[in-house]
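Each remark here refers to the structure printed beneath this line.
Going by the order they are written in, the chains are A, B, C and D; count residues from 1 in each one.
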Amino acid sequence: MNKLVIAPANSLIVQSKESKKRLLPVNGDGFGVGWYPLHDDPEPARIVSIEPAWSNQNLIQLTSKVSSEHFFAHVRDASKGMPVSQSNCHPFTSGRYMFMHNGRLDQFTKFKRNILNGLSDKAFNLIKGNTDSEYAFALFMDVINFAENLSPEQLKQGLYETIKRIVAYRVEVGANTNAFINFAVSDGSTIVATRFATDQHKQPASLFYCKGCFEYDHNKDDILVEHGIGNNVIICSEPLSETSHGWQKVERNHAVIVHENNNVSVEKIPIPYQS
Amino acid sequence: MNKLVIAPANSLIVQSKESKKRLLPVNGDGFGVGWYPLHDDPEPARIVSIEPAWSNQNLIQLTSKVSSEHFFAHVRDASKGMPVSQSNCHPFTSGRYMFMHNGRLDQFTKFKRNILNGLSDKAFNLIKGNTDSEYAFALFMDVINFAENLSPEQLKQGLYETIKRIVAYRVEVGANTNAFINFAVSDGSTIVATRFATDQHKQPASLFYCKGCFEYDHNKDDILVEHGIGNNVIICSEPLSETSHGWQKVERNHAVIVHENNNVSVEKIPIPYQS
Amino acid sequence: MNKLVIAPANSLIVQSKESKKRLLPVNGDGFGVGWYPLHDDPEPARIVSIEPAWSNQNLIQLTSKVSSEHFFAHVRDASKGMPVSQSNCHPFTSGRYMFMHNGRLDQFTKFKRNILNGLSDKAFNLIKGNTDSEYAFALFMDVINFAENLSPEQLKQGLYETIKRIVAYRVEVGANTNAFINFAVSDGSTIVATRFATDQHKQPASLFYCKGCFEYDHNKDDILVEHGIGNNVIICSEPLSETSHGWQKVERNHAVIVHENNNVSVEKIPIPYQS
Amino acid sequence: MNKLVIAPANSLIVQSKESKKRLLPVNGDGFGVGWYPLHDDPEPARIVSIEPAWSNQNLIQLTSKVSSEHFFAHVRDASKGMPVSQSNCHPFTSGRYMFMHNGRLDQFTKFKRNILNGLSDKAFNLIKGNTDSEYAFALFMDVINFAENLSPEQLKQGLYETIKRIVAYRVEVGANTNAFINFAVSDGSTIVATRFATDQHKQPASLFYCKGCFEYDHNKDDILVEHGIGNNVIICSEPLSETSHGWQKVERNHAVIVHENNNVSVEKIPIPYQS
């Protein structure tokens, strides 16, 4: 994982202190890494910390020494008033599912109870922290009914339905400012990542992907993306290398789907703007 | 505060590692200190940490250098499955109220949603963590309707009513194992502390109090309690000094009330056993 | 302390995430507050944390509820390779002295052992961490021979002598890049703060001071400095208010001395450039 | 690693709160896990935390999801006055070597500077914390001259020589109380673990080993050791299972050597008592 999390010129640890695509560059309220083990185990591992990623020796060790062909990594910038705690770190996991969120469900406190009230006991008990993101994940687990074997289509529709319900809750309580809904979910085989804003006049957070063979170029101190060759896929909120070729920008209110064979498709999310 | 939190032979930091009155002696899942400032400020301060108290330099500094005539101190042993986070540390505060809990509301997950559903939005939004203790505090704040000026009687009745409602919720869902309800609440003037078990066949956690003039005895490396003289009051789950004279054991299902003039009264809590 | 640490438009917690006068704006590797108690106690208190200051509830509580007329506050940006630990947080204290450092003793590893070898056992045992800053403080304590009652002149000369010795160690090992030596020391009565660079072609870190009556202006969401009136003094690496009037920039290789009566003097530090 | 670190009846996380073989049962000042990756990488990984092991979700995740055939795990009880920091957590690593210590080099402050002064710059710069254990590791690295390929005999002799030098330093400064020297070192192939006390009238910390096939017995909620069958080796300060058969106690001032083929030998350490 080091090759992607630590080594690149604009790696996640660089983004934790100096991200390029945000108004404020700091994501210093903890980090998390989730990965599917190489050995036969369908459930992902999750290591989180409330420490900033940039100085974290455990993160360097973990990503340098643990191998995985399928992982999530996240650095957090806590929304105002949201406690910094391990329970609030992404990714969130349940069974074989792993979920993370880049963004903010604006006016969350207005519809927090509505979400809670609608959850099954099982989903309610999943929640250990108090962020909009974790609530969204609990909602997702309810939407898919905690099913263990979804088709890629079901996984995608499950995520879309989660967004629809969030929008519905927001409409219900009159939360009409923008919700930034960049979600990513995986079941270990398929990944679905969204770039979505509820307000047509606002931009969602950025999202990029890239397919190819990633080699770290020690001369350029950068990741080298030879697209067309190789079969790995990266989805990230900002390109990891300084050379931008190879990185595809995901359009607003679109989703990226990475299939088991690493084929990538992009499609418009069939959900109307809230306003 | 040092004289009481750090210096005594069986001080809170000793209790964090080697408490005497519990099956397991360790309370290493964080600590908290809340105090009413000496200057004119009705709202208590709260410093908490997820680090064990026993080695904590900040705790030593804080209690040695900050003066207060009215404070709470707590070391936590997290119930199984309850996250260790600053949000889950005691004491909890709201306005002029400070609250802490020694014990466990058994089968909390069974009636957690019931409590939540009954809370006002204001009390709901108080909750930053996910412990039974913090839920009990939110319930208390609703019971007293967030009123700022309660008489000592109202404060006490508010705490009793909180216990009654907890018992009612438990009955509702069939939670019939013992709930350990040692609560302490203060408004800066009056303290009410309970020693309560819902099951008549189980013992609540221990509770003691002591009134007198506390001087640290450097020869004996212990706190010296000269009861009868002086006018300070300590309430604690275990005597702080090794010499037991001066410490009054609080009987089960009784409450200690400390009035503004440091007069102490003890009374039976007028709530029947749940079973 | 809140009025100065938390409330201002460019407060320390703002500086922890978005400082204005540095190449990189983040100081997220912990914080520390040291203060002299209002009651009769010559030795300062010290609360430190490895958590970023910006989200820290303890810092808000502490500075809001503890009063002091003489305090230091620091946010840290760890030099590369320097561990983030409580031991490495500023301010450092010993007896009645409190010390902090904004800057970096370049090529520290080259002369670290030289400093160590020159320390008395008492100063050697002061060191709990491994930063250039703490080593400089240990050196200072040796320079003043751990004396408890220095005149303001002796305090100042002690700090200058510390700088001289650091420069001498650096010359000894050929460390010829710039050392950023913004030190601040207090004995509870007098404060001496330096703005010093060893290389005449490099700028030291910024330093400002201000004298007056500080009132928080709720309309402007800013600190209001009425200089000429009032008698308080602030020394800081960046002005705390957005309106710059009232703030005096300290020239390079000068020192600010604040006397017990809050008289301020500024003087050139009589130490030549290293190169 | 879960099968050994988390699952056993007297697992490391149980020992963190309720160890059986110590005067005080708590080892709550952080933990560390070091492991050699299964893939081709001679250098161990190291994850450490200042949080108590007993409640740590990261530790559960790590040991459940990362596989290794060769690992160290440690829970710390900080000696009085030794800071709790990640730098002070065991195991310590350098290149392919991993090292940990159970015990205490009594009167360490007396000979700390002597050790420091004798270190090469390379070993000096290894040190990030301030414990006797880490100093011993730096000394070991100097003894073996940072060589990358030692024979098992050289590894063992290197550890013995390290002990000899520590004893010599202690004699030099008159540190004549007992030093508890239970060291464990590995180069990824061979493990050497000592049980040593410098004072013939004092007992060293406990040490056990066990060879066999370890299966977790869900009925007994315990680890099942079928010795004679299987070829795995555990060395630990306390037996991990409640049934004591299969566990070999290591005699005082003896060493256990585990060879690459998992053959185990035990021998007397050829170093005389200090007193």
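Basically, contacts are C-beta pairs under 8 Å (C-beta built on N, C-alpha and C of every residue); 3 or more make two chains touch, one makes a residue touch a chain.
Chain labels with UniProt names: A, B, C, D = Class II glutamine amidotransferase.
Predicted model only: the values in this text are computed from it and were never measured.
Peer 1: Could you quickly compare B-D and A-D and let me know which has more C-beta contacts?
Peer 2: Taking the two pairs in turn, the one with more contacts turns out to be A-D.
Peer 1: Express in whole angstrom the distance between the two chain centres, defined as the mean CA positions of chain A and chain D.
Peer 2: 39
Peer 1: If I count partner chains per residue in chain D, which residues reach a count of at least 2?
Peer 2: In chain D, the residues touching two or more other chains are 84, 86.
Peer 1: What is the shape of the graph in which nodes denote protein chains and edges denote touching chain pairs (line, ring, star, complete, other)?
Peer 2: It is complete, because no pair of chains fails to touch.
Peer 1: Could you pull out which chain B residues touch chain A in their complex?
Peer 2: These residues of chain B touch chain A: 83-87, 109, 113, 116-117, 121, 124-125, 127-130.
Peer 1: Which residues of chain A touch chain C in the complex?
Peer 2: Against chain C, chain A makes touches at 17-18, 24-26, 28-29, 50-52, 54-55, 78, 84.
Peer 1: Could you list, by residue number, the parts of chain D that touch chain A in their complex?
Peer 2: 35, 37, 39, 41, 44-49, 57-58, 61-62, 64-67, 86
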